[in-house]
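You will see two complexes here that share chain A, one where it goes with chain B and one where it goes with chain C.
This part shows the complex of A and B:
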């Protein structure tokens, strides 16, 4: 578009890489901590590039012996050095997957109607959905804690799954509505002239056309459930915990187990990283609740 | 199709699950919260007792509430401004098809998927006075001495928390603005170049107006999340040192669950809800954001 000199282009390229490197650095450093032995974490000056990698932290966190590669193999200690985070990872997966399924199902049905059917109060309804996105989680978590206590839903998968689905509903509804809006209404209408029912049109014609949108919505719901903190902190006690909440237990009175925490954190980031890269095409639309299209 | 009420031609049938969820998890809790705000837990009776307007009266006279409200608003304004300006600057820098810039844009998405609680831990480590990388870099430049605890000093703690927020969410702004910049029409820029407009003029008179809708949406969504921020302060400082990083969300959560003042915590959370609804709707109205 604009013709630039060679040197200014070079400068720009350099600046771009430098800025992104600055943002990537904390992630890189966190990864090195996951592979560092205790003493190397506490080194001054901090060891950024030269350190002896070890899998010890991962072995301790998941209570398994990886026993290959780096350095000397250690015996995993029961209790003290062994956090057994496998089940917590499982809790995170169950909650994220099921709450995503619930949110996407409910949202797809509702947003089809919001996109396709004319009825009174449609705009008000969309505004209402949007306004639920504004509620501070703490204003939901406090009353829901007491309601769950009476319904015996505290500390259960059902309870957390429901609240995470709710948390993702505004995003899922608005995003799916924008994907349905992209498909011309004429497609529905001509099928209806041919005598197909609403349900059949939805199932056979429209739904296959928004597959990509459903995938993008599902990924975002998954990530927001995976990373959510306050609801799990409030609504669970000992029965289950997701990774973000259980990470805070690495801060103990005798010091923080940084290596173990970093190992768990690194393991928890991997699925989210992969998923987000898969739906990059729709990412901005998702982040803006369907209002900015790429 | 035969059952009139359940006919697929009725919008209500499609929306019923959504409506049920929203009523059960937003309307019911809202009224429960309001009910709760007129009660308080009595430790000796071990039950909730009716206290009338006491919680509301206490809240408006509570200097710590106003302090945490001030901290929340300060955090809100500072973090939103930094993320907005920095996000726009980086977006304009990366809005080019240089070698590898596609990769750079992908790398920036990575900060968004890290759980904020873990980002808090990350910055707890980076800002550690004894072995933190940031402490080390700042000490190299003579800005800070080793052993100066950024997060345990009242004057710097909030900035330490802000850094985590800015690191995680500036890329959010960058990605949205990039999408906006990439969809701008080329004609106005060509005209501006022919007229010999300066880069700043082109940005002020063409880019900003054309991007106004995208900016408004990004500010709205980010603003809501910054206002209700909880994870970073909970993990990094728990509101301390003293009360220097108490946000409204943290204050109401702690009143309810740490100090067993159920009614008062509910009152505080309702106040936070009220403030954000008012600010967000004023913004939507003023900026004419539409969904």
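This part shows the complex of A and C:
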């Protein structure tokens, strides 16, 4: 235990809070914009704490009435932006959850094989998988558009889920492989000698040990899909749109609807936050503790 | 229970040949120790027996069946790993019972066998703990329990005691041997510790560079090492080796290393003139003022009942063991005598024992 003087402890505490404030302030300001009326957003000097909160922006974005003055149920903003973002939020959730599930499932199975099984080209496989992420996504977007057109996957959940899962797979495989590599091979071998089949070893012994890794990988995949813009923009038209793409529709020919955009952004944070919170409790280290003597 | 046989077994990892043309027969119910320094191929041989390494040449035979291409789970073997390899997410109870569960035994039978194993291994009160909540010795016992419940044909141990402290190791040696005597299963035990080998084995197989150097009972290896390497490997404190020559003069056969002259049995007369290394076990000498081995005492170490004298004999370090009562301080001249029958003579060039 290092003994520190009172003043140095105070300084550390202060520095800690200062850093937190630095990172938290933009988020806070973004949230205040969501709760401000149109004119207050542009006040100078900006009203950071003393403003009259209103849910008007949320009413407009989700096309509901909470008693803050939103009456007309307009479909389209004067400049071309969309109302009624509720279904778009739902699109985002469906795509992010399912593409994450798909990517994590495939990555877990694939990386276990890469980590444990001997087959030709095993060592080149990982770099090959990774290389698919090395070109800029925009280079892929147009070819994928034409492929999707032929496969009738344009403007469908399946299409977007597939492309998001595909984009996530290389990193997910790499990440999961490192978690499997951390598990001593003797554990598999011991179970093999105990009479277990490969599948049983995977399911009963190894999978519970990489729970933390799966959680970490899922968080990364989810965030990617939740914020992905390019592929949703090119591969969908009217059938579905995710939050990042519809947010851009608030930038219209007659101006940017900052309040609406902030309201949608704030609302969009909630599902992502819930997902990460649910997964976070599995993000524990040391699951292999006690298995082998190191 | 089963016999295990290796027929001209070889193993290569790429261009590295780890085992060469190795043949060995292990009797039903025997406790065989594969002994050797790290890298000698002993663990590889064990893993090939378990089916965890492929066999690149020859045949591994268990109970009369060639098992080269048989999956580990079909070989009916139990193995204890050096690092225990417990299943960290399972309780001790489920760790021990896993193999039975896989074999689809009834719940009642699993519970009975697990509890029986836990009783024998003093693990009853820990059955509902996870491996992380156990001490090293307890984890080791869980690993043994996992092997025990199997009723396997062959038990394989891969340096199971190397992570334990000295006291626990001595205790577990006895437990493992008792376990073997009770179960009567064929056991192959890998270690680099010659004390473990000497205390536990029915038969020791000493390996070096992927080959068997000598196999036999602990007494065979201790009393009649077939080479200088074996003599140096077996026995603690290590055997003393003095370099010199065999001389036959006036009807007497002697070993001479500069001023040191030791009588040899007459049978060595045929090897007169040969450059040899003479091995003398520290426990075989007796303190004797008229003894032929004379040197200057460098240091004396008390080990309890005995004292180990480290002497300078003809410029070579020489260790002698004597009862504690003989203790004295460094700097003195001391003499020891030895029975000629207890000398080990090795050819200087080949290192092989000169048998007479």
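Here is the rule we go by: the second predicted complex is superposed on the first by the 232 of 294 C-alpha atoms of A that agree within 3 Å, B and C clash if a C-alpha of one lies under 4 Å from a C-alpha of the other, contacts with A are read in each partner's own complex, and residues count from 1 in each chain.
As a convention for this text, contacts are C-beta pairs under 8 Å (C-beta built on N, C-alpha and C of every residue); 3 or more make two chains touch, one makes a residue touch a chain.
Treat the numbers as computed from the prediction; the structure is a model and nothing was measured.
Touching more residues of chain A than its counterpart among chain B and chain C is B.
Once chain A of one complex is fitted onto chain A of the other, the partner contacts of A:197 extend to both chain B and chain C. Looking at the shared chain after the overlay, A:110 reaches chain B, while chain C stays out of its contact range. Touch criterion met: A:48 reaches chain B, while chain C stays clear of it. Residue contacts after overlaying the shared chain place A:186 against chain C, while chain B stays out of touching range.
By the touch criterion stated above, A:205 is placed in contact with chain C alone, chain B being left untouched. Once the two complexes are laid over each other on the shared chain, residue contacts for A:24 go to chain B alone; chain C is not touched. The intersection of chain A residues touching chain B with those touching chain C, taken from the two complexes, comprises 197, 287-294.
Interface of chain C with chain A (complex): residues 50-52, 71-73, 75, 77-79, 81-89, 98-99, 102-103, 130-134, 136, 139, 146, 150, 163.
Listed in rising order, the residues of chain A touching chain C in the complex are 184, 186-187, 189-197, 200, 205, 208-209, 286-294. Across the complex, chain B is touched by residues 1-2, 9, 12-13, 15-17, 19-20, 23-24, 26-27, 29-30, 33, 41-46, 48, 105-107, 109-110, 112-114, 117, 119, 125-147, 162-163, 165-166, 169, 173-174, 197-199, 202, 223, 226-230, 233-234, 243-245, 247-248, 250, 256, 258, 261-262, 265, 268-269, 272-273, 275-277, 280, 283-284, 287-294 of chain A.
Of all residues in chain B, those touching chain A in their complex are 1, 8-9, 11, 13-15, 17-19, 21-22, 25-26, 28-30, 32-33, 36, 90, 93-94, 96, 98-101, 104, 106-118, 121-126, 130-133, 136, 146, 167, 170-172, 175-176, 178-180, 182-183, 186, 189, 193, 213-214, 217-218, 221, 224, 227-228, 230-231, 234-235, 248-249, 252-253, 256-257, 262, 265-266, 269-270, 272-273, 276-277, 280-281, 289, 291.
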